[in-house]
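Chain IDs A, B, C, D and E follow the sequence of writing; residue 1 opens each chain.
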Amino acid sequence: AQQIVKIDGSSTVYPVTEAVAEDFQKAKKNAIKVTVGISGTGGGFKKFCRGETDISNASRPILKSEMVECAKAGIEYIELPVAFDALTVVINPKNTFIKQLTVAELKKIWEPGAQNKVMKWKDVNAQWPDQPMKLFGPGADSGTFDYFTEAVVGKSKSSRGDFTASEDDNVLVQGVSRDVNGLGYFGYAYYVENKDKLKAVPIVNEKGQAVLPSLDAVIAGTYTPLARPIFIYVSAKSLAKPEVKEFVQYYMTHGAKLSKEVKYVPLPDKAYAVSWEHVMKGKKGTVFGGTAEVGVTIEELLKREAKL
Amino acid sequence: MFTQAQSPRLAQRRARVLKERAIEMVLFLAALVSVFTTVGIVYILVKESVVFFQQVSIVAFLTDTQWTPLFDDQHFGIMVLLSGTLTSSVVALAIAIPLGTIIAIYLSEFAPFKLREIAKPFLELLAGVPTIVYGFFALLFVTPILQWFYPELPGFNLLSAGIVMGVMIIPYVSSISEDAMRAVPMNLREGSYAMGATRFQTAVKVVVPAAFSGIASAYILGISRAVGETMILAVAAGMQPNLTFNPLEPAATITSYIVQVALGDLPHGSIGYQTIFAAGLTLMLFTFACNIAGHVLRKRFRETY
Amino acid sequence: MPYARDLKSIRRLIAAHKRWDLVFACCGVLALMVGLLTFIALFVDMAIDGVPRLNWDFFTNFPSRHAAQAGILSAWVGSCLVMLVTAFVAVPLGVGAGLYLEEYAPKNWVTDVIEINVTNLAGVPSIVYGLLALGVFVYQFGFGQSILSAGFTLALLILPVVIVATREAIRSIPVGIREAAYALGATQWQVCKDHIIPYSSAGILTGVIIGMARAIGETAPVITIGALTFIAFLPPSPIKAEPPFLSFEWLTSPFTVMPIQMFNWTSRPEAAFLQNAAAAGFVLVLLTLAMNGFAIWLRYRLRKNIKW
Amino acid sequence: MATVSVASSVESRPQPSAPLVPKVKASGLSFYYGAFRALKELDLVVHENCVTALIGPSGCGKSTFLRCFNRMHDLYPGNRYEGEIRLYPDDINLLAPGVDPIEVRMRLSMVFQKPNPFPKSIFENVAYGLRVRGERSGRTLEGKVEAALRDAALWSEVKDRLHQLAFNLSGGQQQRLCIARALATDPELMLFDEPTSSLDPIATASIEELIADLKKKVTILIVTHNMQQAARVSDFTAYMYLGQLIEFGRTDELFIKPKNKQTEDYITGRFG
Amino acid sequence: MATVSVASSVESRPQPSAPLVPKVKASGLSFYYGAFRALKELDLVVHENCVTALIGPSGCGKSTFLRCFNRMHDLYPGNRYEGEIRLYPDDINLLAPGVDPIEVRMRLSMVFQKPNPFPKSIFENVAYGLRVRGERSGRTLEGKVEAALRDAALWSEVKDRLHQLAFNLSGGQQQRLCIARALATDPELMLFDEPTSSLDPIATASIEELIADLKKKVTILIVTHNMQQAARVSDFTAYMYLGQLIEFGRTDELFIKPKNKQTEDYITGRFG
């Protein structure tokens, strides 16, 4: 009776999907209803693979275990990259000694072994002051956490535990902006909205350039390894429902504009076109093979998509 | 003639008794719902916890000093969360119990009638404010004030969360204590006043001891509320699994851990998901122990005016 | 005649004692002030942020990515419907249980167990109810993440409050009234129906309202059962134009509630949403205030009207 | 001389004239509040259309005894009866386990120490007993309510405000309302537990008059702590002490020539 | 003949012999519960080392009157005194606004209708008044507590369990404990509000004896609803009705030859 598109999953992807959902409903004069929930990428996939949702927001590619679960329930899916997010490492504006950070330094700060050892700035870099570090990061249940640990430490979920974690990135913003010795990481959008309270740290990429997060840097592929694609996964079964299909189409046509509006890095138009083609042709599966990868640039992503 | 009347009367009576029985049964079932709820809670918690404890030894659960169930390097030391829960509760109770008791005594023994009638319900509003509102209040209002006094204080800490929690709990303590004190019969008070005692002497030496068991249950409820409070801690205490009893530090508590994971909604069956049930069970056992202790206390000090 | 007749020393003594009275009275006023000032600070703080956002549109708009257009329509409707279910479940159960415990229960261990159990439930953290609901209502009974699940959960949560209030109210009815009714030959149920329930109804209602005021602000358990965050439509109307005029479709509808909407807004990057959150919080506090105020008024009227 | 206190009222009263027919008869009645034996093997006959008074010092078990008749004690757990109370002419034992207490209460009604009207209208108060007995017809109800109120000498005072709350009546009116409520159901025996102890002298006098009138219609058993009252209103008096029935007899005889020393001590105010 | 009830106990009593010295004197005393005037212009003298009894039907204002003496009404809002109560020999008006009620209560003590021991040990109950008066020394306390308990005829019964909870005593013992508590502080005037009404005859008798003994030491004002009791224990009796003092005089005179018709009606049991 009711036409409802059910979406759940990552809080990182949520703003984009929400924007699309809002405009889509307006465009359809509320004939089609869309719900968007936040229960994390993992949680989203859980519901997705039980067949409870039509679309799952994901801030990382689907993992092996989740693929198995979906397969068990006979759920097939189409993977659609929708935008890029630049994980931003931020410090307090009053912090003057950090000009840039290398991945190695980040690793030194965040790796599990650092717990109870690397407690002060000078433990990371002898030139830094003898002050305690105050670390802030997203909850261990989030895709952001998975990606950051993978990119920095080299192993997903491998991190020290003694940092202030919150599912709510604003809480992290509050933390870093209030504490001179604060350091944290979260999505780019939160940094953009709080530029006056925070300072982003340029990250040194493989080529040795220190790059500040920005739209251009991500599109140019120089902000690595902390730029990452975000996705939606559409259930193949649900695509049979016209309302879901219409929604996905709307997403692919307006995704670029809307993701920019909510401070994400849009993909090139071509990418959305390719994705829509995948939907039309019913190309199921993932291009990531069920493992987390880091440092995938837009260009690379496009290449892979094209091959699918 | 009586025998004639008997048989229709008897039938009537049987119908009546049957109806009464049925109604009693229905009401009994309603009363049992609360028991079912407890059974349901225990069942859910134990079911998942059993699986959890097959993978994590109880010894490790109780003695490990790290809590990193969602990390690559997994540790399951509930002490870490328990320390946060206890510390924040102690802070909260250090606020709520003295203030709540003073308010209760003040309202029941000192305040003019009008003030009591106004102040009490007004205080009860404090308990009605959504706790998430309190959470942001602690983070954005109380913490900066505290930092003003003590600049070293981190932005997230158990202290400000605890203080706000304490204020939130005040009405639970004061309201129930005040009811208990008001239930102390007037003739006891009159006895004391007739001896030439002042209000303060009467309040402290006669009314409080006489209302002791009621006051104790108020405290118990306050403790359960403190231990079970979630959103304030999740927002303002910084969910950092930190084995500390220092209220100036950030820490995670059992409840804040549970919402964190519940929000993330880890896959069913993963050990990370089961930790919330083990943690929930710990919490439940803790409050249960408190309530039983309260019950015993009340039985022992039952008022006999 | 040491105590009674030495007036001077008595006066000195009384003066000393009265000083304590004064000190304590000051402490009492101060303690009261702590409570009241906190409340006022909280309220004013929220009012300053939130009141500018309060206008008609705020109540009639759905959530939106544009802070200025976002409203709480789906949230307050959701809250109301959830409260409706909560009341429908909690009132009969709570009153039934209270009636049973006060009027029917024999003195045996079953009664003891129920009684201890009720006090115990009053102390169980709300988050644990969330876990129960997730396991039992959402999955076991298959209610899903619906208004029904949320209503049941909150009903269980406030059940102890209703039971205790019912028992209090019943206990305040003098035995004389009860005995008078029995002496006229009334059966137990007739006594309950004709006397106990009517005479305690105001007290019961007070308890129910206070319980509901608590339930409406509960976040944790509703999050646990997975209330949605973006929902830009209303559940199906409970009243229909054609017979049978009542529809219960809304019970299974996805929903969001005020605290969730607020929680969601607080975690948005844009500062404007924090104002929305404050406005929503303000509405919520006003609502609980109004409910509590009503309860107080009711209690006052009750005391005034029926003087046993 | 103001000292001939009790006897004066006894002597001036007319004697019960009709032949005596027993209405209820307690025999070997003991009663236990849990382990505490409040009544000890009482034997007492209440005669039809007579007023029987129970007197005795506070705590002697008068109320306990009275409440046995309509099985009020069944309302509370842990109470136990022994012995029997037979109701005539049916000759059934009111205390027998097979006898439904509700049925007993439908035939015997009770008026309490403190007036306890329901917080309902005057009309509804009186009609309640009838409603409980299944009476639905408004006509019948109105008739019976009026009759009961008349019998309770309250009709003229309340007939214009039948639908006002009963709480607005004065204490004496409330007590008469409670009597009307009890009367409305045509009880065979009425039990009064110190019905005037919370009333002022004028209200007391009106209730006493009422009782004297009522005994034409109904048998009455009344508890009082006021010996003068017992002497004024009753035909028979029973003196109880510490759960035992010490003496029972015609009121005139008992007050003027008590057989028992204890009774005499009590009546002469040596204690109590 | 068992009819000479009240007078018998009056006649056999010895007369107060010492010269009469006034201890307290109420004059023009009215009292208001809010708008309700419960006492109407009372005048009464209580003589030193005498027992003065207040009698009257329920609700006539006996308790209200008694409680004026130690300003108990100050505890509740809305109450108002008019007129004065002078305490001798100091000749101060107890009701004057400048007089501290606590000071008044330190000199006058009160025993209530229902025994109201504090939830403390027997010892602490008796010591309470002393502690309130700033007594710290354990020695002194012990001595005074023992003396008070002896005076209250309770010492032998409780000397071995001074530190047990007072609730464990029987009703009569509790009431004597309350008397001991009041006595311990050496009051100038003791007020008793129906102190035996919740007690059994034996406990009552022991309290009455006690009162007779106490009057050697202290002036006593006692409220009772039991005329026999008033006749037995008091030297003077005041009869109150509807907030007014109807008659006051020597107990023997008042009971044998009341001047007032109302008093006579009451004493002869015509109502009440």
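Everything that follows uses one rule, which is that a residue touches a chain if its C-beta (ideal position, glycine included) is under 8 Å from a C-beta of that chain, and two chains touch if they have at least 3 such contacts.
The shown structure was predicted, so the numbers you read here are calculated from the model rather than taken from an experiment.
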Given chain B and chain D, the chains that contact each of them: C, E
Dominant chain pairing [most C-beta pairs in contact]: B-C
For chain C paired with chain E, centre-to-centre distance based on mean C-alpha positions, whole Å: 50
Centre-of-Cα separation between chain B and chain A, whole angstrom: 38
Averaged-CA centre spacing for the pair chain C and chain B, given as whole angstrom: 15
Shared-contact residues (touching 2 or more other chains) in chain A: 38-39, 167-168, 171
Junction residues of chain E - those touching two or more other chains: 102-103, 106, 132-133, 185
Junction residues of chain C - those touching two or more other chains: 14, 17-18, 187, 226, 266
Chain E - residues contacting chain B, complex: 70, 72, 75, 77, 102-103, 105-106, 109-110, 112, 114, 116-120, 128-129, 132-133, 167, 178, 181-182, 185
Complex interface listing, chain D residues touching chain E: 1-9, 57-59, 197-198, 200-201, 204-205, 226-228, 231, 255-258, 264, 267-272
Partner chain A, residues of chain C touching it in the complex: 62-65, 144-145, 226, 228-233, 236, 254, 264, 266-271, 274
In the complex with chain C, residue positions of chain B that touch it: 16, 19-20, 23-24, 26-35, 37-38, 40-41, 44-45, 47, 98-99, 102-103, 105-107, 110-111, 117, 119, 121-134, 136-137, 140-141, 164, 167, 170-171, 174, 196, 198-201, 203, 217, 220-221, 223-225, 227-231, 255, 258-259, 262-263, 265, 276-277, 280, 283-284, 287-288, 290-292, 294-295
Parts of chain B lying in touch with chain E, wherever the complex brings them together: 112-113, 185, 187-198, 201, 205-206, 209-210, 212, 303-305
